[in-house]
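Both complexes shown next keep chain A, but they swap its partner, so chain B is in the first and chain C is in the second.
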Partner chain A sequence: MGGERLKIILSLTPPLLIIITLFFGGIFYGFLQSLGYQPAIGKYDINFSAYYNVMFSERYSKLFWTGLGLNLWVSFASTFLAAVFALFGALAIRKTFFAKTVCNFIYSLNLPMPHLVVAVGMIFVFSQSGLLARFASQLGLINSPGDFPVLVRDKYGFGIILAYIWKEAAFFFIILMSVLQSLGENFEELAQSLGANRWQRFRYVILPLVMPNLFSASIIVFAFSFGAYEVPALLGVIYPQMLPVMAFEFFLNPDLNARSEGMALSIIIALIVMILVVFYFWLTQAKIRKD
Partner chain B sequence: MSDLKIINLVKNFVGMDRPAVNNVNLKINSGELVAFLGPSGCGKTTILKMITGLFAPDNGDIVLDNKSLLPIPTENRGVVMVFQNYLLFPYMNVNENVGFALKMKGIDKNVIEKKVREMLDLVKLPDIGFRKPKQLSGGQQQRVALARALIASPRLLLLDEPLSNLDAHLRDEMRDLIVTIQKKLNVTTIFVTHDQEEAVLLADKIALIFDGELQNYTSPKNYYEQPKNIKAAKFFGGVNFIKSKKINNEFISDIGKINYVGENINDLNDEINITIRPENIKLSKTNDFDHNSFKGNIKSIIFSGTHTRYKIIINNLELECSLQSLGIKNINQGDEIFVHLPKDKIWGMND
Partner chain C sequence: MNNNLKKINVYAIYLGALILILPLIAFFINAFSFRWFYPQIIPKELSLQAWVRLKLIPKPGQRSIEGFLDLWTSNPAVIKALMNSLTIGILVTIVSIIIALPAARVLGLLNFRFKKLIIFIMVSPTILPPIAFVLGLNINFISLGFSGSFFGVCLVHLVPIMPYVVLTMTGIFANYNPDFEHQARTLGANKTRTFFLITLPAIAPGMVVAALFAFLVSWSQYLLTFLIGAGKVMTLPLLVFSTASSGNPALTAAISIIFIFPAILILFFTSKFVSGESGATSGFGKI
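Right, the complex of A and B next:
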């Protein structure tokens, strides 16, 4: 019925308008800024020089490309490791009532904790002046706390990765537990009676059954860790620097001209995430078709 | 050869006040199709899971070809179970589902492919190898599950209520297919059901289980004519039970002396119940019988199309008799009648 449909469209219009304005308006305005359009400081011409500056200028190119490398490394490593830890953790304790209850509780507490708090916790525990370093030197395992390996504010991003693993493993864990719960054990029992050993049951039954959920969760975690700012800002070093931190520094720059570079970099980050997600979808779809 | 012996099998679960499986003993000969029959919760699935090794028994032994299965892990037992809800792997197509067991054995791809085609032909499902389980009907899924179970030539095939999710006419078709394939491959098979008719139509022997205890284990025919106890007789529609006492090798009951020649006569206690199928009782208006003839009165007559059912009271005992088509002419409620219990058709039970 045309009238009904019109009614629905009309009633949806106000919230839709707000969403469209905030979301697409924001993107559009940011995009304009990245193209150098900044009426506030009298710049009206449109060009790609901010993008060029960020990626290829003498001043920023090294920072950008090492930052991109670090970003990819940190996001892939932390997403992958968090997923692996959560998967093995969930498989190990899913049949034990007590461990399951305890872990569910700890992880549920962990979930709403801000990333910032986790990052501070990492410094407290893993830094060279942290809990572990002091323990180790007290126990005589190392001569002084300064001999403790640099795990926080290190140039390989270990501290950042650790913080992300701790935080995102909880997210994976909770999703996996509910998936495993709903699957039950029938498929595994069936596979076992068809001759599948422990490894084969993991490889050919559990993994393919949880994969769709694990993959979707990975996308969320990856996209988040690729664009998030606070953990690398606290646990990272000046060089190499992760891209979101670099973008934020552009914004902090009192020179308003740097705004364009900041916006350009933000849009590059968003584009990279999108390309990776599309590529990933294409990859899994191709795999599904091949299967 | 795959002879299966189940010996004193016991399984307890926490939270149950009786054993889920209580001291079950039975022997299945190679190539036989045996039905486990019993109401919901009587322990059928639990026994199957112990045979596959998914549950460990609390007591007793399971012996296949004179070798205990208990120390062997499930995946090496060669005992395949088909679950009630098919459980086709949703991420695999039909070919991959059927070939699963061979793939686990690391068998060559081409060999698997050929064998999969053979199995799909066997269950009469050629040409659907590349479909996903989602794209199959319930009956088709059931056949794929069967093909998947049979591909590795299991020593023992366990089917847990394979027909309960199918509608009536598919059930008939699948039942015939299962029997045909089972006889063709000569694979020793246990088939779980709670439908008495299905068990009778399918099985060489039926194990009747109540509350974890084996009540009776014999051929379908014997359940009708020579049941082991009242419970077994009742489950198969038995209605006539005559309490009798053995005195000096004669059986005395409320309706009089009963001439008994059953082959179990020497195993019977002093107090027994004698049963007879309604269709084996003979009626006559005159006393034409030379033995086991009793005079009674007709309580009711019900015509059901193919049969006429009579309820007859003899000395306070009610017996039911079923005669073909219209039964006896010119007989009415309250009339006197002679009831004959042929001595080769009556059967005595200790409990």
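Right, the complex of A and C next:
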């Protein structure tokens, strides 16, 4: 038995070492710095002033709270819309029709696509001289590029939301397709033979069956879009600014004191994501206990 | 049940597919056109100018094999970034597979105390945002001398990739029957032979998918490379980002096409493996 134990420990040590030293070590060190502990510039005192500054000081509080609001809005809107689009796409595509394989491929196309490229694609399609504006102009809907609504680099985060929908709908789509495939059509046929109409079959048969997977995928997408940098950096504006961009900018600030604030922000982002995931586990566990 | 879709639904699917590939269409038009001004939809003239400016295609008149070789061996920025991205991606993938293999086997086949805790620790980088650890890590890496080095970038890429590979391969080993190994051993095969003749063929398909997607995770890393590479390690995503920020659509589109090429290729070859149930997709962060 001792040999087996040694084997387990030896096998698990290398990947755990990487995660613990680099990932948790990085978070821990960032946390220390957010408390003002910066030996590099001779600061050894520990306090919460960086957190206070970020959230409540006159200089940053407005930027922070609008940023947090934008973060929540972008993450909720893009997660919800991507899931809805993917659900309808997946429900329609599992039937047979002409060029089904091609459509299936196109709907999954954005899964391996880097976020950065999707963001650039949004600029090409939705900017005021982009592909859609050109179509609108040819159709006589707009006279000049300025007539086209500002959809990228806008203060409501529309461009960012569009990019996340584009990208994450593919993720939802793949997950939903496999769930629907493994379920087959037996449940629906049964419901139909019992007299359920299309809406009832969707609402009371399909939705409850795909919900667990849809929900766990939503958590992943939400957490990702809450903390990602590239998309809001390319498609966002200076004010209001999403929190990861704000943290990064603090960090790159030549004033080394701003570093603590940048670290504090990144810790706040991580905390919010963590609370969300814990809440999710609590919710699913509570549901399992109830069932 | 009626398996045929209503016509209107079919059209909705086609429309959805068209909307989804609009960015891709825009990439190709931008990259292969010259002066594609608003409000043209079809560019007036096709051109390879963006590619010539990126020094990927020689000027007209020099487009022979020697011309291409001369140009590419002069090491233009895009080729350099491409080689960096490829080298880092391949290195990190191989290292992560080697490290993950024993761990995944143990996690997939055995039950022991703290297993859940260990899996939780292992997957946490897929949930928490990279910005939370890389800012702190950055200063450590500077003092260790890893910052701005190839080694440092490879090391930090292991963080998002490791959980993903371990998780995927754990899924493979959970469906793996080690009895065949015992049979091979009793028939006289040594450990190495057993691994290459029995274990490897059984886990190979899943491992290849894990490797391809691990490569993609490294391939698309921007923030980690930017911060740890400290401007000294140029990769394709960094080049795409800086070109996109400077605002030349033709150059941005051309570099982006090179950047997305492996992604499309990998999807094409793995599409039948990639489903919500396979570990490959869970690597995108299924909790």
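A few points about this structure:
Just so we're on the same page, the second predicted complex is superposed on the first by the 264 of 291 C-alpha atoms of A that agree within 3 Å, B and C clash if a C-alpha of one lies under 4 Å from a C-alpha of the other, contacts with A are read in each partner's own complex, and residues count from 1 in each chain.
Throughout what follows, a residue touches a chain if its C-beta (ideal position, glycine included) is under 8 Å from a C-beta of that chain, and two chains touch if they have at least 3 such contacts.
Fair warning: this is a prediction, and the values are worked out from it, not measured in the lab.
On the shared subunit chain A, the superposed partners chain B and chain C are arranged side by side without overlap.
When the two complexes are overlaid on their common chain A, residue A:Pro15 makes contact with chain C while staying clear of chain B.
Residue contacts after overlaying the shared chain place A:Ile123 against chain C, while chain B stays out of touching range. By the touch criterion defined above, A:Gln192 reaches both chain B and chain C. The wider contact with chain A, measured as residues touched, comes from C rather than the other of chain B and chain C. With both structures placed on the common chain, the touch criterion links A:Ser182 to chain C but leaves chain B unconnected. After overlaying the two complexes on the shared chain, residue contacts for A:Tyr107 are found with chain C alone; chain B is out of touch. When the shared chain is aligned, no partner comes close enough to touch A:Gly69: not chain B, not chain C.
Touch criterion met: A:Gln200 reaches chain B, while chain C stays clear of it.
In the overlay built on the shared chain, the residue A:Phe171 is in contact with chain C alone; chain B does not reach it. For the overlaid pair of complexes, the smallest distance between C-alpha atoms of chain B and those of chain C rounds to 5 Å.
For the contact definition in use here, the residues of chain A common to its chain B contact set and its chain C contact set are 189, 192. Residues 186-187, 189-197, 200, 204-205, 208-209, 211, 291 of chain A are the ones that touch chain B when the two sit in their complex. The touching residues of chain A, counted against chain C in their complex, run 4-5, 7-8, 10-12, 14-16, 18-20, 22-33, 40, 85, 89, 92-93, 95-99, 102-125, 129-135, 137-138, 145, 166, 171, 174-179, 181-182, 185, 188-189, 192, 213, 216-217, 219-220, 223-224, 226-230, 233-234, 244, 247-248, 251, 262-263, 266-267, 269-270, 273-274, 277, 280. Taken in their complex, chain B has these residues touching chain A: 49, 52, 54, 74-77, 79-81, 83, 85, 87, 89-93, 96, 100-101, 103-105, 148-149, 152. Residues 1, 3-5, 9-10, 12-14, 16-17, 20-27, 30, 38-41, 99-100, 102-103, 105-107, 110, 112, 118, 121-122, 124-140, 143, 155-156, 158-159, 162-163, 166, 213, 216, 219-220, 222-223, 237, 240-241, 244-245, 249, 252-253, 256, 259-260, 263-264, 266-268, 271, 274-278, 281, 284-287 of chain C are the ones that touch chain A when the two sit in their complex.
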